[in-house]
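For reference, chains read A, B and C in written order, and residue numbers begin at 1 within each chain.
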Amino acid sequence: MLDPEPAAVEGLITMSVPVVHDVIIIGGGVVGVTLARALSRFDLDVVLLERDAEVGFGVSKANSGIIHSGIHADPATVKGRLEWPGNVGWLRLRDDLGFGLAQVGELLVALAEGELATVEALHAQGRRKGVPGLEPYRQDQVRRAQPNLSREVIAGLWAPTAGVVNPYEAVLLIADNAARNGVQVVTSEPVVGIDPPVVDEPDAPIGVRTPTRSWHGRYVVNAAGLYADEVAAMAGVPTFTIHPRKGEEYLLDKRLSGLVTSIIFPCPTETSKGTLVTPTYDGTIMVGPTAEATDDKDDTTTTPEGAAQVFAAARRLVPGISPRDVIAEFAGVRAVAHTEDFIIGPTDRPGFVNAAGIQSPGLTAAPAIAELLLDVLSDEGLALHDKDDWQPRAEHPVRFAQLSTEEQAELARREPRYAQLVCRCELVTEAEILDAIDRGARTLDGLKFRTRIGMGRCQGGFCTWHCMQLLAERQRVDLPAVTKRGGGSWLICERDDADARPSVELGG
Amino acid sequence: MTISSEPRHLDARYDVLVVGAGPAGMAAAIGAREMGASSVLLVDREPDPGGILLQCIHSGFGLHAFREEITGPEYAERFFEQVLDHEVDVLTDAFVMDVTTDRRVKLMSPSVGVTTVDAGAVVLAMGARERTRGAIHIPGDRPSGVMTAGLAQKMVNLEGYLPGRRAVILGSGDIGLIMARRLTLEGVEVVGVFELLAHPSGLGRNIVQCLEDFDIPLHLSTTVVGIHGRDRLERLTVAPVDDERQPLMDRAWDVDCDTLLLSIGLIPDAELARDLGMRMDPLTGGPMVSSTMETSLPGVFAAGNVVHVNDLADWVSQEARVAGEAAGALSTGRMRPLEDIRLLPGDNVGYVVPHTISSDHNQTVSFRVREPIYGDTQLRLGQVHRRKLKAAVPAEMITLKVGPHLLEGFTGDALRVDAVPFDADRDAKGGER
Amino acid sequence: MAGAQAETAVYLCTGCPLGCRLEVDAVDGDVIEVRGHTCKRGERYGRQEYLDPRRPLSTTVWVRGAQVARLPVRSAEAVPRDRLVEVAEALRGVCVEAPVQRGQVVLSDVAGTGVDIVATRSLQPAG
């Protein structure tokens, strides 16, 4: 990922003819980066602007990490249309890029006679959408498949196509691959304004302003997630509003691994798919989410009420779950449009395209959203010519912990930094950390999402300092400049007598 | 004291391999050599041996081991001088990745790469880790500025940075109290220490010399119920708790601060033990051990905070010396003592270590009370021994010397350890008669 | 008020981790009796605490050329309790060069207390 070079910025300001990009994508969430990678197949100049210090730091890192089976959303809606093709698209992405995605399947369960009709209706809907492998389960089949479920479960629907993914790992690898194929990914670059259309020049490029400079694109795709309504308003097309809906999630101790082996769904309600019990890709059990309307797009607080609600609901499904087993918790905010559906398509402003209101099943649908956006852009006049040198595959980062002893020994012989441990809970080495920094990690959270450091039992107690040192050393900044996730999330400060700090001799 | 991390040669086999070079590991290595082990390898993951002692720059160490009160770094250095005198092989910057049941030890280090060595006996001395925010589930935002007291201690004492400008400490464990003083001395404002329990978790002397000396308020029966701040911590909500430790939200108040240090307890860092399939004690979180600190896996010993969290490094070293001596003895072919009596935590006892003892040799039994008794306390070891203490609080580990002199004539196979108010004990006895 | 009035001060002994509760009787500023101690040091502590409370100080100073940035130090003797912060402040900005030997005097007569500051760790030059 490239940070804008100060020199280049100054240069651009003095230039009279600005660079015009073919496409500017606003927002480096899963939709933005998936579109960026899709566009990178073609001979185009694409730039992606992300407000946060790294891509995927918004909704994309704080969600359930579920690739839905394809049965849930009504095919009469846009989200319903894109859910199943999105599921299929994820498998292709995984095969290309090698991030963690496991098709663990989902089991939708009925806890009362009254819910059997819902189960049957979703089964029928899934069949209509072409989702393969669906199978209604009787009570005894449910028990055989998931012996730790509540005795109250009377029937279920098995959908083998559902999967779990590390959403942040996926977003990062997709973004890396897009960047490798020529997309300019610029982080810490929030969009603060969009120039009004030039009178009598409908084909003039759209000017997008960030705090330090202007960007010009023939096409601008609004994938700004929670802020998509504000970005659309900047563009002069305020046709929709985003209504944040918060979801709290709770991760349980690894001790409970195996409690369920598939995603357990209750029967859905009007506003939500309900509280799920999910075996995450990393082997921990996650319970959640809640679905709480909030006024604040940045409200990622967890609450005692949310926890109570999640555990009450989760224990109805799996009685062995307890709040005592929580090792981490987080909340994400869904970007729900007032229409309760995705808003994907051109606007009254030529060249300005929306990919907004991407609520559940947004993560699942993302690859299909990207394909749909290609059609939209093409219809709007963007020429899509295949590139000869497109590299669909990613060079996957080394996961030292997952290698055999022989492979580990061989790596360590080649590069001693592979034998220098940083995180002992997840067995992450210095070489992996440096590689992650070279791939664009700028912050402690970025390192964590890329390498899993600090995600284990000690939650960073032992390795935080080492990681901060490596971030500072590799980026040639002072340690106090290292942040948790960019912005004002500083980690340490200087002493009063810092002017007496002896200079550090590097290389020791 | 820096040990070179240049490429080096390790033997294929060591009589005793010790994992961790803190106060436990160093003592174990010395003990092993003294009991006849001809080759001992002491492995530590940090560049310098000493473990957490190096950042514990305060005094309070050495009263038992050296008969004088010294600081953590001094304790580490003096112990390490003995380690070197005992011709122990030391490998730092090295991490033990795996130990098999037949004691093949897989380790990694820039100086030796990824390699395995065999060991006649292994002593696990990895110490403890700090409990984190996840363990206590505080609702709210997840800003930077929330960290364990130990991490802040490392920043301040080794690296010369401050964790923030205005700090609150949650938990009155010794590390938290000591950090309250450290931060004050280094120019950070410490707003207060908040403790969920009705009594402090740390030693009384630390309440006096770390808080009272600097007028830092200690709020007992009060806890943090909310964390606020999008990027960096800006504010905490704190509330008193009722007898069931439930927060009284109508009496909550806000505290402005940019740093929250967590001093909410230590847990044995016993993953390696768990991975090995040892029998674990759910009360301590560490492996179960015999009177010689041998785990359920023959030839694998454990000692110090990896077994149970001690309040003094001196105890840790003492216990680890026992483990090291036994490991050394075993490696020279000597027999194990017969372990014929199980110890069980009884009335008001949180845990007991070791889990079994032998009736034919002397051993130290350590335990902690669950609830504090501020007054005469009766300790009971089954029916074989009674001892009166002036008081018993969870913050202070209690030790008993147990040997043939007490166990002569005892024919059972288990003994309960109790610690009850002296009066209650007398009443109970009266009732029995 | 009449002189010769005995007063009793209560302290928690910080001499060792045992934490004995000391009662110190004094008349006109002279210590008459110390109770509650379980060792000689405790008695001394009680007397000292009443007359002139002192504490050992441990802190750190900058060190140049070692693998770590801070050298741990302590006061060779206890310093007056009320001057702990002042002494710590006097040590700001102090920087010593590696190598350092444990016990080496880093600063003599800190802040005019008559107390020396000594290193508690030996540090070799890095590299």
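Basically, a contact is a pair of C-beta atoms (placed from the backbone, for glycine too) under 8 Å apart; a residue touches a chain by one contact, two chains touch by 3 or more.
Remember, it's a predicted structure, so these values are computed and weren't measured experimentally.
**Student:** Mind having a look at which chain is the central one, using mean CA positions?
**Tutor:** Smallest offset from the overall C-alpha mean is found for B.
**Student:** Applying the contact rule given earlier, which two chains have the most C-beta pairs between them?
**Tutor:** More C-beta pairs are in contact between A-B than between any other chains.
**Student:** Roughly how far is chain A from chain C, centre to centre by C-alpha average, rounded to an integer in Å?
**Tutor:** 54
**Student:** Roughly how far is chain B from chain C, centre to centre by C-alpha average, rounded to an integer in Å?
**Tutor:** Computed value for the inter-centroid distance: 26 Å.
**Student:** For chain A and chain B, what's the span in angstrom between their mean Cα positions?
**Tutor:** Those two chain centres are 40 Å apart.
**Student:** Which residue numbers or ranges of chain C touch two or more of the other chains?
**Tutor:** As it turns out, chain C has residues touching two or more other chains at 62, 67, 69, 92, 126.
**Student:** For chain B, jot down the residues that touch at least 2 other chains.
**Tutor:** Touching at least two other chains: 159-160, 186-187.
**Student:** Which chain A residues reach two or more other chains?
**Tutor:** Counting only residues that touch two or more other chains, chain A contributes 495-496, 501.
**Student:** List the residues on chain B that touch chain C in their complex, please.
**Tutor:** Within the complex, chain B touches chain C at residues 1-2, 47-48, 54, 57-60, 63, 69-74, 76-77, 156-160, 182, 184-187, 203-205, 207-209, 213-214, 311-312, 396.
**Student:** Which residues of chain A touch chain C once you look at their complex with the stated criterion?
**Tutor:** So the residues of chain A in touch with chain C come to 495-497, 499-502, 504-505, 507-508.
**Student:** Name, in rising order, each residue of chain B that touches chain A in their complex.
**Tutor:** Going by the criterion above, the answer is residues 45, 93, 95, 97, 106, 108-116, 129-130, 132-135, 137, 139-145, 147-148, 150-151, 154-155, 159-165, 186-187, 230-232, 269, 271.
**Student:** Could you pull out which chain C residues touch chain A in their complex?
**Tutor:** My answer: residues 62-65, 67, 69, 92-95, 126-127.
**Student:** In their complex, what parts of chain C are in touch with chain B?
**Tutor:** Residues in contact with chain B: 11-17, 19, 55-60, 62, 67-70, 72, 74, 81, 84-85, 88-89, 92, 102, 120-124, 126.
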